[in-house]
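This is the structure I have questions about; it appears just below.
Labels run A, B, C, D and E following the written order; every chain starts at residue 1.
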Amino acid sequence: MKEAVLPKPLRRPEAPQYPAYDTAQVAAVLARWADTSGNLLPILHDIQRALGHVPPGAVGQIARALNRSRAEVHGVITFYHDFRQAPAGRHVLKLCQAESCQAMGSRQLTAEVEALLGCRLGETTADGAVTLEPVYCLGNCACSPAAMLDGRVLGRVTRAKLERLLDAVGRG
Amino acid sequence: MVKVCVPRDSSALSLGADEVAAAIAVEAVRRGAAVRVVRTSSRGLFWLEPLVEVETPAGRIGFGPVDAADVPGLFAAGFLGGGEHALGVGPVAEIPFLKRQERLTFARAGVTEPTSLVDYEAHGGLRGLRRALSMAPAAVVEEVVASGLRGRGGAAFPTGIKWRTVAAAEAPRKYVAVNADEGDSGTYSDRMVMEGDPFVLLEGMAIAGYATGASHGYVYVRSEYPHAIAALEEALAVLRAAGWYGADIQGSGFGFDAEVRVGAGAYICGEETAMLESIEGRRGMVRFKPPLPAIKGLFGMPTVVNNVVSLASVPVILDRGARFYADFGLGSSRGTLPIQLAGNVRRAGLVEKAFGVTLRELVEEYGGGTRSGRPLRALQVGGPLGAYFDSSLLDLPLDYEALARHRGMVGHGGIVVFDDTVDMAAQARYAMEFCAVESCGKCTPCRIGSTRAQELIDRILRGEDAPANHAQLLKLCDVMESASLCALGGMAPWPVLSALRYFPGDFGLPPATEAARVV
Amino acid sequence: MPIPRKPERSVVTTCAYCGVGCGFRAETIGGRVVRMVPWKEGKANHGHGCVKGRFAFDYYDHPDRVKVPMIRGSIEEPWREVGWDEAIAHAATELKRIQGTYGRGSVGAVSSSRCTNEEIFLMQKFARVGLRNNNIDNCSRICHSPTQFGLQATLGAGAASQHFDSILQADVILVVGANPTEGHPVFGSMLKRRVREGAKLLVIDPRRTETVESAHCLADVHLALRPGTNVLVLDSLAHVIVTERLHDESFIRERCHWNEFEQWAALVGHARYSPDVVGPEAGLDPEHIRRAARLYAAGPRSTIYYGLGVTEHSQGSTGVMCLGNLALACGHLGREGVGVNPLRGQGNVQGGSCLGSWPHMLTGYRFVTDDAVRGSFERDWGIELDPEPGLRLPNMFDAALAGTFKAMYIQGEDPVQSDPNQNHVVAAMRSMECVILQDLFLTETAKFAHVFLPGSSALEKNGTFTNAERRVSMVRKVCEPLAGLEDWQITVRLMNAMGYPVHYDHPSQILDEIARLSPAYEGMSFELIERNGSVQWPCNRKDAPDGTEVLHTRSFPRGRANFMLTAYVPTQERTSDRYPLLLTTGRILSQYNVGTQTRRTGNLAWYAEDVLDIHEADARQRGIVDGDWVSIASRYGSTRLRARISERVSQGTVYTTFHFAQSKANAITSDLSDWATNCPEYKVTAVEVVRMQARQAADRAVAAEVSA
Amino acid sequence: MWSELRALRDEIDYGTPPRDGAPVTLTIDGVAVTVPAGSSVMLAAAEARRAVPKLCATDMLEAFGSCRVCLVEIEGRRGYPASCTTPVEPGMAVRTRSDRLQALRAGVMELYLSDFPAADIPGGWSELHEVIQATGVAQHPYGRGENHLDAPVDESNPYFLFDPAKCIVCSRCVRACEEVQGTFALTIEGRGFASKVAASQGQPFLDSECVSCGACVQACPTQSLVEKSLFVGGYRRADSP
Amino acid sequence: MSGPAKAPGGEQAVIDVERLVAMANQIGDFFAPYPRGQREEGVRNHLRNYWDPRMREALLAYVAASGGTGLHAHVLDGLRLLATPGVERKAYAGPPQ
């Protein structure tokens, strides 16, 4: 007689376990775009607007609603720089890195802002206040260097001007 | 009641136009002045933004750049009556920068209220669409063919010929897809159209739809342009309400509607096939051609894919006739081109001119030289994939052929000016860095080549076996140019090669021979 | 990672798993199979495969394989290893002894759908010439016997009307009681491809399966009917077609009997079958029934694929007839992209049907009661045959319990696990005096066997398989039989020992004999199959020298087709207060049938035990949470499984698979069966589900039970 | 389409799926060949026994055009079109071999090899290795740069492993999962140089939507996805129950 | 459930007669919608072609002994037809047309 062993573990979970998120808000977004063809980008934008990011757990919900696979939705999310899989800092500062702004000193400005915030491009300050990101052209090339703070375009940016604005929105 | 125009263009907003408008309103109330603040858009004279224009019997008098703090002073100086002030620039239409232009597509820029249909019609709007609807669709196509209009997005393919292909295709549905993913640094003309005169784009789309048998349109706008997106949405609602968009336009039996689609931070989606993939809700991966989008485009259906400025140029062609439009320009570069001056330039702004204006005229006469006041050292024409020129090439005329002869391109008409502090090796490296960041990753020359090119440049700059790495860089650039799937990989070498050609010293390389400079 | 070894040798053969019959190249290193590469020229799979055929071949040389014959006096005794000669002689002696004691009819044989055509043919020949009776049956008894019956009755040929590729031209695909993405994955991929290309998909299935809804595959109409109401719903579709006059009159007049159509139309046209009446009874929205009927009728090319969800009912044969009727009424037969097609479970079920492994039929679907047919066999075999039908497998068990059936020769089947009402089967097995089992492993059935003859896997022998689209493909020997003999050789030796001398040098000679005796296989030969890669029957030298892809193109086998009257008769299996839920059974992608093979492979990584799918509301009512052990009891028995809360089943329905012996799913299935063929009603059992004690205690209890 | 596939011989990969248009005659390196309209130049070249090197193309999948080693020259056309994505036209004159083409193909192969484990080049027997042989390029001039050589191997699936170091991001696996199997379990995650094959949301294959049909393994030209059974001791069968 | 009585001489019965009656009735249910004549013939043909003779005989014996309690009327008719000597062995091909 063989030694008594416990049966093999229960079948694998159908989807990995991700942190909880607001499924109702996602459902509302999905419903809003249900009848639009090619609706994935608008859906992701709206979810990000509502939740601040696209939670990994929502990928399955989106995929089911769109009759697509999680892989496809994941592929789309990771292709586009705009979509976040984790929440950003309380404020998002984007510094333009493109040529026109380079011609007006954006490399220097970027270095100064990195020093000011104590984080590099693509990172969030330790206190979670500001996420600093590169952006490649805001169409504000006639007023370089340009930046965007929480969606607001800024022109002829200087370190001093940014510091004032960051203070105003409550950095830290 | 004095009409005071304050732009709502995003460049103006980035410099405080909202605060200026609010300050004027507050100051007017405080002073009991009868003022109507109207939010127009920008004329494209950005060094003057925020440019406040006061409507007077003598025309609009401009003041700029205005800061909110300047407003009490302006009132005090009687600006409502066109009074003298340090910021005063006189009658706006007489500013040489503007006066010397040939504004067809941008005729209404900064003049009208962007989403006022009354204003639009009062300034010649909808005449093109009215005329088109009175013609046979095929005749509309031929009118556009005859105008010589070529795509203003970069590829410069004749717009009318593209329409012909779509019109001839048999399909259950057809689409118009507007490429408003203007991602080239140094360009902003699409943004100006969408923010400043969204109706002209939508009118152009409807004409394209009528001419080709398409019933639905998409405007694919990059997410970096929130104001353009808002203006388009607003304009669409206005047109629908007025019966100019929808199931049956003005009782013509022709139905056309459109929606705005927002990109998500991907330069490559400015490539037409990647844009179609993105509209369909997929990764913005480049498709191979053929099939052309005109045969098999959006959702597999024939699709007109045009750039914003191209379509915005259509209403005037239909309104004034192909001949009128074709009379501008020369050779195979017909009509006008909106040129955008950017970077280190004193008078940055939009110059709409017939083809043939030289770089020197643009940079020196319009632009007024560098903003820093230092000597001009380099120009990049046509966006991040465009070649860098040194000052010896300033007398080149800006037309498709002349630039092509010097391995450059008109592209989207952007010119970025650099002064003598520029490190051209860093710029060359950046071109490849940009390509690496924005590559869709489909084809190998672009996906791996852009990273390897950066590494080679780094080695050259570190002086590691520079001649061999230089030679390898040239070989790699050749492979990228000849073997890439689309223009991103295919043209990313251009800025690098041109920087090597004109500024070899910046790489620590010996001066190029004269032969190497001549292409 | 090191560089992978390069295989040394490759042999093209046919997958032994499901009825798709994929072609593979079996590649070996040092004589051991190291991988199976889908064969691009395989006409059933075109270079595609699935997790079973592609990867799960490792069972073939699993340490559990029995490689030496064994005998024992009683099932209580331990096995004794013996030589082949002794085993064969012992088996034959026992069979003869029992026949001498209890009569000629007291013994029988069961052939295996995992064996080759040649082996199946020999098994039925063994019964008829070795046992001198017609007590021969095969596993399609418990799966697709209603197909053969129902399609024969309506269309005249008990097999798929189309080749698989035909689906790529279909505009409307009606899937009934089948889940091809799991059960027939390679065909499922083709179906999904066609759906992505725009074909409409209609699914009739109580479960919301992968076929109903998965990435880029969404049924236009899903009729999630209450288990047991197939015939009712199919008649209701017919009702819509005839009352809305959507039928194809010219087709019917030309290819069928108009009076039969009228008779049928009168039956299904009755208000009894109107969607408004049927809907509530079957748990469906009447509008959905109408939409499905209209889409199917409109086509222009509508095709039907169905599985065990149609056949395994007390009205299984009637359900199949309903499908035949529908296709006839709408003229969806005889062209590309249309037809009625069974999706068969085991690799060679179609072969099992074709080769006469039936108590009432000889090779080629011809009745043993037909003197002329029997005569042709008698002449070829030089022996007089029993003119009366023999016992079917379930009746053999019945007879065993009644004391009149005493011995069985079972080839590659595991009825103890696979057949319904397990307690009944076990009692029957225990009552027999000699059970001869020929298999790879000591299966559940082996517990009741007296003689064990170690068989050979499909990688170890030559022969042919016939897949669900009637395609006969080559099975080639990749490695030598582990126990020394190919299965057909064992049967030959047993036949000789029974006193009927036969000799074959190679299975090709057996196929030649099949060709001589069966019109559909008349033109078949190893040489032809070798040349063409595979050949679909009917194949005959005169009309179809290279076989036939689409049946019924010009006429039906009987000239015209028949409409059958398909009145709905509810199953006697009813829910009650005591058994309020309906259990339905099926299969999962990674496991196969009773699991004998797949349980011995890495496929356990996906599915290591049978689970009970239960709707969230039903679970809540019973205090069951996901992962709880539950006991499932029916009127016939009980077992226990872990529960999985699932959106795929509707409220009131529970679902499980029967891949694992320890699950004993068939302890609870009923002994109700199809009226015409005794195909068991696996798909409908009234049950109650109760949460077992604390999870850990249940774990221990089950562990103890399993290891005992 | 399938009916045409039947005509294919097993050992030849025509690179793109067969079509069934009217016959079109063209020349490949001067050899006249007739194929159905809609066929690719690549297919015509294979038909003419002038096969072009290829990595992202296989006749089980629709053309993709990403690998850029199948470039050819076509008389009267600028540039070097990919033969897999260029449909044949009557009278077309195609050149599949020239010094220029060799240089371009070599340049592309060098890029591939610059992100491929050097130790796995000699002795390998994948399609990539066939192209390495055909182009004669077995090393690259790029030294050690950014790469994916240290990415961990995914061994979660019982039957095959995924070694991202050997992945050339040709998407054949992704496309096979979509076109052949219809499961859509794979994708490319990220973009540009960071592009990598991912199962579902970047999970181990076993935890993803993958149904282990093997279409991706079959499609992989580099043995980045490869059967474990081909490695000595790399694979254990399941315990018997 | 009102079942039939036990078959006489139960020891010889190949199958429990209760089960045979149920099976025969199931067959009868199928043929019920057919017109009189075809109905009985259908039952007869089916039993003739598909049933082991011992099963038929057991059922006929049961009918003879019990009068066929529990069997549907037209199934009984079919059984009588089956018992009629001289009826040719006709291959089953659906109900007679």
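Everything that follows uses one rule, which is that contacts are C-beta pairs under 8 Å (C-beta built on N, C-alpha and C of every residue); 3 or more make two chains touch, one makes a residue touch a chain.
Everything numeric in this text was worked out from a predicted model, so none of it was measured.
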item	value
Common touching chains of chain C and chain A	D
Number of hops, chain A to chain E, where each hop joins two touching chains	2
Chain whose averaged C-alpha position falls nearest the assembly-wide average	D
Distance between the centres, which are taken as Cα means, of chain C and chain B, whole angstrom	66
Distance from chain B to chain A - Cα centre to Cα centre, in angstrom	27
CA centroid of chain C to CA centroid of chain D, Å	38
Between chain D and chain E, centroid-to-centroid distance (C-alpha), Å	66
Multi-partner residues of chain B (each touching 2 or more other chains)	266, 283, 437-438, 440
Touching two or more other chains - residue numbers and ranges from chain A	12, 68-69, 72, 75, 79
Chain E: positions in contact with at least two other chains	none
Interchain contacts (touch definition) - all pairs	A-B, A-C, A-D, B-D, C-D, C-E
Residue numbers on chain D that touch chain A, as the complex places them	177, 183-191, 198-203, 206-209
Chain B-facing residues of chain A, complex	36-42, 44-45, 66, 72, 75-76, 79-83, 96, 98-104, 107, 135-144, 146, 148, 151-156
Chain B - residues contacting chain A, complex	10-11, 13-15, 44, 46-47, 49, 182-188, 190-191, 223-227, 259, 261-267, 278-285, 299, 340-344, 348-350, 371, 380, 384, 414, 416-419, 422, 426-427, 430, 434, 437-438, 440
Chain D contact footprint on chain B (complex, rising order)	266, 268, 283, 288-290, 436-445, 447-452, 455-456, 459, 468, 472, 475-476, 478-479, 482-485
Residues of chain C defined as touching chain A within the complex	213, 215-218, 604-609, 611, 627, 642, 644, 662, 699-700, 702-704, 706-708
